[in-house]
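After this come two complexes, each holding subunit A, first together with subunit B and then together with subunit C.
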Partner chain A sequence: MGRFLLVTIQVDMHDQLALALQEDLTSRIVKDGARGVLIDISSLEIVDSFIGRMLGTIASMSRMLDAETVLVGMQPAVAITMVELGLALPGVRTALDVDKGMEMLRSRIGPDGEMTGHDPDP
Partner chain B sequence: MSTKSILPELVRRFEAEILNDWMREQRAAITLRADLLTDAELARQSAEFFAAFQAGLQGQDLGEITGPAWGTARDLLKEIARLRSRQGFSLSETATFVFSLKQPLFALCQRELEREAVLLVGELWTISVIIDKLGLFTAESALAAREEIIGRQQAELLELSTPVVKLWDKVLALPLIGTLDSNRTQVVMESLLQAIVDTGSSVAIIDITGVPTVDTLVAQHLMKTVSAARLMGADCIISGIRPAIAQSMVHLGVSFTEIVTKATLADALRHAFARTGVSVSRQAAG
Partner chain C sequence: MILTREVAELKRPEDVVRVRQVARALALQAGFGLVDQTKIVTAVSELGRNALIHGGGGTATLEVIEEGIRRGLRIVFRDEGPGIADVERALQDGYTTSGGLGIGLGGARRLMNEFEISSSPGKGTTVTIARWK
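Let's turn to the complex of A and B:
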């Protein structure tokens, strides 16, 4: 039986918050036995090299804990900035929105996934 | 000029005659473009400029055309240069409008000052300096007007040549025509990404049949575009790779790592159908 984690990034991330998110997420993945992680960045309007790297790091960490990770909802301007910064995040799965992301996770993990919410504290 | 020039006085006394001679001079010139400018319009422009020319002569330093007395003349010349550029006059033809004023002025001075050689030479020099500067100013204005038109056309071309079309449900096509420089890449990326959001597409076919050469720079731009689309959950297929392009790319050591490439748009579409779970069957026509 697998579980999915949904991470919604809604506020501008600063260093400490990002580190806290990494901590929280990795321990939740292990504690819940999550098999899939959906990172929703549709509210992220500005991204810098720090955030870009952080997204890549989080995805790598989840993968290492054997959880399929999908990054969804990147805005066009953010995508362009990431590419210009050289942070194309190869190897990180992406989808246009949460629905498509869930579809992707289900097709890879199996239809029995329960949604558990996880919001980073502001 | 140490002694005060009598040019302003001379021009004022014989203004009708000078204007007539100048008009005659212009009409007889081979640079006259009767097909682009009517005689009435030419007469109007000449009269207006001549009045501004006289106003300029009233200033303190005759040869200093950047001064306030020459303000009206400068504005007028800029406007005429802009108009004529748009109408299709060459730079020389436009500048000749001003240069041709020398002849009637020279002829007049020769006639009125034939017994005063020193004075004559002085006045001829003054006329030369003024007209040359005004002529050059006109040529520069015409050039600036040309460059403005070119800049505007370039911007329009950029906009026109990057359409994104929806080929099928969830499949976009991006037919690229012309070379891909960093400016165009920016426009292409923005259009493509916005189209992905608007249509919810998961496959984008970038067709480069219309791209003349693909060198390492162009390849980099293409890969940037593909990476950006991928970050938004859409996979790209590059199609339309001509045999010559394939050869030159391999020789240059350029490779599209991990990107699906197809020779034709048809092949790319077939691949896109497979990716999006669409199957096509042939039935009897009609």
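Let's turn to the complex of A and C:
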């Protein structure tokens, strides 16, 4: 059975909040037995080195917990800036939007994934 | 000529968010497009965090400036922290003393048109960045 978690980041997070999300998400992966995690960053206006590192860490931690992470909805200006900043996010899968991210997870994990919502707001 | 000036404190993690918001508003006011705004706000985020974490807090002074026909945004980060012993090394990608990625300083320099850093051990660090339209 594969369940998918959808995380939508909707606030301009300060660093402690980003760390809280990391912890929150990993415990939810275990609690829900999630096999896939979609992180929707379409509302994020920037991804700096701290947020970038957090996203990479979430992907690594998820992998340890037998879940795949797909980052979806990155704005073009954010992508341009990240490359110039020197943030490559190795090991993090991306998709253009939530639907394509779901497709990617289904093709990797199987079609029985069920979406569960998760609001990172404290 | 300085058209607008805002001074923001950097004492708590939330202050970095606030400085990002001020930078976004002033970049918009200066007439920067979305990609340039994003580059400026990202550089501001990196340097604001540095002033907070490595400098023990400080200030950011943000100015919309005009020189002849060109308009730009200049931001000065000041802290009175321990300073940076080896600035050249600190600018190298991958060098970190905080367990981070070590790309903040060099990355901020790549994102801006102008980048100046002055630091002396025991006296703090001042980083000045500017981007022109």
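Here, the second predicted complex is superposed on the first by the 121 of 122 C-alpha atoms of A that agree within 3 Å, B and C clash if a C-alpha of one lies under 4 Å from a C-alpha of the other, contacts with A are read in each partner's own complex, and residues count from 1 in each chain.
Following the convention adopted for this analysis, a contact is a pair of C-beta atoms (placed from the backbone, for glycine too) under 8 Å apart; a residue touches a chain by one contact, two chains touch by 3 or more.
Note that the coordinates shown come from a computational prediction; the quantities given were computed from them, not determined experimentally.
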Fit or clash - subunit C, subunit B, common subunit A: fit
First, second, both or neither for A:Ile80, with subunit B first and subunit C second: both
Touched partner set for A:Leu89, first subunit B, second subunit C, both or neither: first
Which superposed partner A:Lys100 touches (first subunit B, second subunit C, both, neither): first
First (subunit B), second (subunit C), both or neither touched by A:Arg53: second
Partner chain in contact with A:Ser43 - subunit B first, subunit C second, else both or neither: neither
Which of subunit B and subunit C A:His14 touches, first, second, both or neither: second
First, second, both or neither for A:Val72, with subunit B first and subunit C second: first
Which of subunit B and subunit C A:Ser27 touches, first, second, both or neither: neither
Gap in Å between nearest CA atoms once subunit C and subunit B share a frame through chain A: 8
Those residues of subunit A which subunit B touches in one complex and subunit C touches in the other: 75-76, 78, 80, 84
Parts of subunit A lying in touch with subunit B, wherever the complex brings them together: 71-72, 74-76, 78-80, 82-84, 88-90, 94-97, 100-101
Subunit A-touching residues of subunit B, taken from the complex the two chains share: 186, 189-190, 193-194, 196-197, 200, 202, 224, 227-234, 258
Subunit A-facing residues of subunit C, complex: 13-14, 16-17, 20-21, 24, 34-35, 37-39, 41-42, 45-46, 49, 93, 100-101, 103-104, 106-108, 110-111
Subunit C-facing residues of subunit A, complex: 12-16, 45-50, 52-53, 75-78, 80-81, 84-87
